[in-house]
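Both of the next two complexes hold chain A, though its partner changes from chain B to chain C.
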Partner chain A sequence: MSDPIERTIEAFSRLPGIGPKTAARLTYFLLRAPNDVALDLADALKALKEEIHYCRRCFNVAQGELCSICADPGRDQHTICVVEEPLDIVAIERTGAYRGLYHVLHGAINPLANVGPEDLRINELVERVQKEEVREVILATNPNMEGEATAMYIARLLEPLGVRITRLAHGLPIGGDLEYADQQTLAQALEGRRPIS
Partner chain B sequence: MTGGPERRYRSYRLTGLVIHHRDMGEADRIVSLLTPDRGRIDLLAKGVRKITSRKAGHLDVFTYVRLQVAKGRTWDIITQAEAIRTFPRIRSSLPRTAHAYYIAELLYALAPEEQEDRELFDLALEALGYVETATNLLVVSRWFEAHLLRVTGFQPQLYVCPLCGAPLNVEQVNYWVPQAGGAVCPTCGVAQKGGRPLPARVLKLMRFLHTRPYTHVRELPLRTDVLLELEGYMQAYLRHVLERDIRALKFLHRLRQEFRRT
Partner chain C sequence: MYLQHISLKNFRNYLRLELDLPQGVTVVQGRNAQGKTNLLEAIAYLATGKSLRALTERELVHWLAFEQEPIPYAEVAGDVLRDGIVTRLRIVLTQQGGRGSGSGLRKVVMINGVRQRAIDLLGILPIVLFLPEDISLVSGPPSARRKYLNLLLCQIDREYCSHLDAYTKVVTRRNAQLRSFQGKRPDPTLLAFWNDALVEHGTYIIHRRQEIIARLDELVREQHRILTAGHGRLRVEYRPSLTLIPPSTQVPKAQLALALAKEPVAYTPPPILPPHKIRKRFQETLNTLQREEIEAGATLVGPHRDEMAFLLDGRDVRTFGSRGQQRTVALAVKLAEVQLIEEALGTSPLLLLDDVMSELDEERRARVLHVVRQVPQAILTTTDWDVFDADFLAHAYCLQVNEGILTEKTPDTP
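Presenting the complex of A and B:
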């Protein structure tokens, strides 16, 4: 195999979920496709790395210094929703139910994978809460052990700052069957039950 | 792979304790379990990172779970999961979570793969049960590491000097030399590089922890400073056994520094 082909296969193989066979298939597809398909992809990737960086306030992806959410004066400036990854923001924004700001940690505490609080944007969150007029911090880390540990750790750090700290509710997914729910989800759903009005 | 006659079939049942997981692909996870029949095994749980997954809630770390598993080419795949026991207090308390991670990391590192070890499994389940309920978590971790080393064959020498064979006098200061296998008599210890004086109070406590069930240990009025002192000696020994630092301990130390109650 000539070198550019090998290099492209190797580059695709490094992406999550892509094995050597898929990498080879994508490479040969691009080789046969019209020039603009491959060149558009190359341009987009270059722009992605050169033009996109992290918002200096919330660490969401941004084109300028601030991301589009931090730069929007119409958002509620007193509420911060803490998420693990920028993709979580996309999911919450899709609901249309939240109009506050975000803070992206870029991971969750996972001692077994050697990810500690010092590897996340937690200090920056504490600084924001100290400096900005924040009234509520919503902890929207994932509902698994790592997400819970991260939420508890942040809650402990923020407690002395006198801000309201809330956690996303745990409960049953819409469309699911009750009989398949695990004990912890069901117990938390029962605890968090609400009257039907 | 080894195993009973059930391995001849396309699917089999299994019970185990989830001690680790890592993400794979779009929404899958590799789940590491400690099982009584096959030691540590890794299984593929498909789609469990999706919020609607029926299996996800049963497969989180520190869940004792009953599984139906289908044989696969690279990975055996979890097709059904049902939690037998969960540890809600570990989940809702940061110090308990940190100690449970410490236990899980040691289990992951020392449990044999694909090899029956019921004693180790029972110890793991028992220890997590104590992390769930104990008032002094330091006692649980010290007790657990002592018994883990015994069960996995890495028990440190606490009675006879491994270098000269002389019985150790527990009333004097001996030396702690992990690379020699544990406690060493003062004569041999002085000459050993990396050795550290081992006070009588620590050696006595080690002997007690290594031989007693937790129900006896928890009755002792143990001082926090002595437990932390013992932690230092055990860390040196575990680092020697594992040939690396214990990651969960870094997190425990950080919590201790920041919140002073772990």
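Presenting the complex of A and C:
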């Protein structure tokens, strides 16, 4: 294992979506590439692990103690949007429609992958709701079975704390055609209809 | 409703096929391994989005496609006419990453040129398919009967199909969750979530199975009576894994004795439990089974363990019936299915019979042909023209298949 080539291949193949073939291809590419390609990568990886950590409040990626959102006093401090991954924050931020805070769980309850509530930042969320002046928790986990299980689990934990708990709506995509919507989505959109005001 | 046109590309042993189909009866004759069953399978695939025979969809792609097409693919398309409106169904399987790559196939379902989910195909082209191996519906393991029920219910109720899909997912996840509790104190909130999910989807499945089997019971008995000229009384019974009626409220002893008598005076089928009662029973049962389930690391009760029994004069045809009796029951079930789909969808299904005639005696053939003439469209395959009489063939569209090529039968061909 002391052979640097072997070590690099082994290291690459531990990444998601990369098999031994791709790992070998990447390794030999870096071997032949100008020095700065490989060294820039090494530096970036080092900085990634040394400079970036998780916000101690919401577990979003952060360069300081707090992430840029938690550190922003202009954000609505009474609303927490619960997401599975930091990437979900990026997606919601792009909408510009949300001005509150976040809480990143770093996954969802998934018995098949052996991920239970104790592996997620759920206790930290409960603590935040108890300590901070939170009025609403928006559960924005994915609309699949794992996401639903997680949302339901958190909802039951938070219920006794007397906070408003909401779930993202399921429904029709904007710019779509009704006749092309699949039945389940359409049925849920009908169920979740609301008055025009 | 009928299938006007079917088009195959690289499907099984058909490289290219464009076939206009008439209303009424079509008979396809061919020697073994020429493509008779493959044609019926293609139609069934278009109707349900699933192959009823292949283990992997890769089997469906002609082997030459992997060698000769720039991007290996297989395609089945068909035009269904109902009430003057044509619906075009199409399923395309494409090799991912082009030729020679080992990766899987991508399946795209299109309805009238728009991408849809496979589940959206259900009910557009309802079919009843009868293959010689369908005798396993009676003689095979319980899973064969569950598969049968699921396919039938999916065709007439898409909601059943989505509940079934969700239920199957819940069972695997719940089993993993149960295993994760072994040697630990189970998390009551988590357990509650998986129990609720299991009960929600399971209740719908059980409720629909109750209803459909109650109706099948009546229709199959009638078909069986006609097929056997009244020899023996057939009953179809639902045997759910969840005890729907607790033992304390079951039939009292006196009535039980009556039921054991040779000719039951008046058989009353079990009542159909409303969903809220099923839900309650299911929840209660899960609560009492909790420890056992965690120990087993498996979901021990629910529709995934259901059974259905065929009783001929009170005796289970699966264990006590002769091969001939089993075949007759399977045939009665299939004929009843035609009626059931008519009732549920308001249109007769396309009847697909694969080499069924050769195994039947004269009377049963006549009965099958009677039903075949009644449905708007039927496609029959045979190795031998002789199983049909000349008058029947004179009114049918006759085709011959040879190594994946269909030709019209001409009067002078033997």
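Throughout what follows, the second predicted complex is superposed on the first by the 179 of 197 C-alpha atoms of A that agree within 3 Å, B and C clash if a C-alpha of one lies under 4 Å from a C-alpha of the other, contacts with A are read in each partner's own complex, and residues count from 1 in each chain.
Keep this in mind: a contact is a pair of C-beta atoms (placed from the backbone, for glycine too) under 8 Å apart; a residue touches a chain by one contact, two chains touch by 3 or more.
Predicted model, so just to flag it, every value in this text is computed and none were measured.
When both complexes are overlaid on chain A, the residue A:95 reaches neither chain B nor chain C. Using the contact criterion defined above for the overlaid structures, shared-chain residue A:35 touches neither chain B nor chain C, since it reaches no partner. The larger set of touched chain A residues comes from B, when the choice is between chain B and chain C.
Once the two complexes are overlaid on the shared chain, A:17 sits against chain B while remaining clear of chain C.
Shared-chain residue A:114: touches chain B and chain C both. When both complexes are aligned on chain A by C-alpha atoms, chain A residues 109, 111-112, 114, 116-117, 145-146, 149, 152-153, 156-157, 180, 182-184 touch chain B in the first and chain C in the second. Considering their complex, residues 16-17, 109, 111-114, 116-118, 144-146, 148-149, 152-153, 156-157, 173, 175-177, 180-185, 187 of chain A touch chain B. The residues of chain A lying in touch with chain C in their complex are 109-112, 114, 116-117, 145-146, 149, 152-153, 156-157, 180, 182-184. Remark: chain C residues 114, 116-117, 119-120, 158, 162, 166, 169-170, 172-174, 176-177, 179-180, 187, 189-190, 192-194, 197 touch chain A in the complex. Chain B meets chain A in the complex at residues 20, 22, 25-26, 51-52, 54, 56-58, 60-62, 83, 86, 88, 91-94, 97-98, 101-102, 104-105, 108, 247-248, 250-251, 254-255, 258-259.
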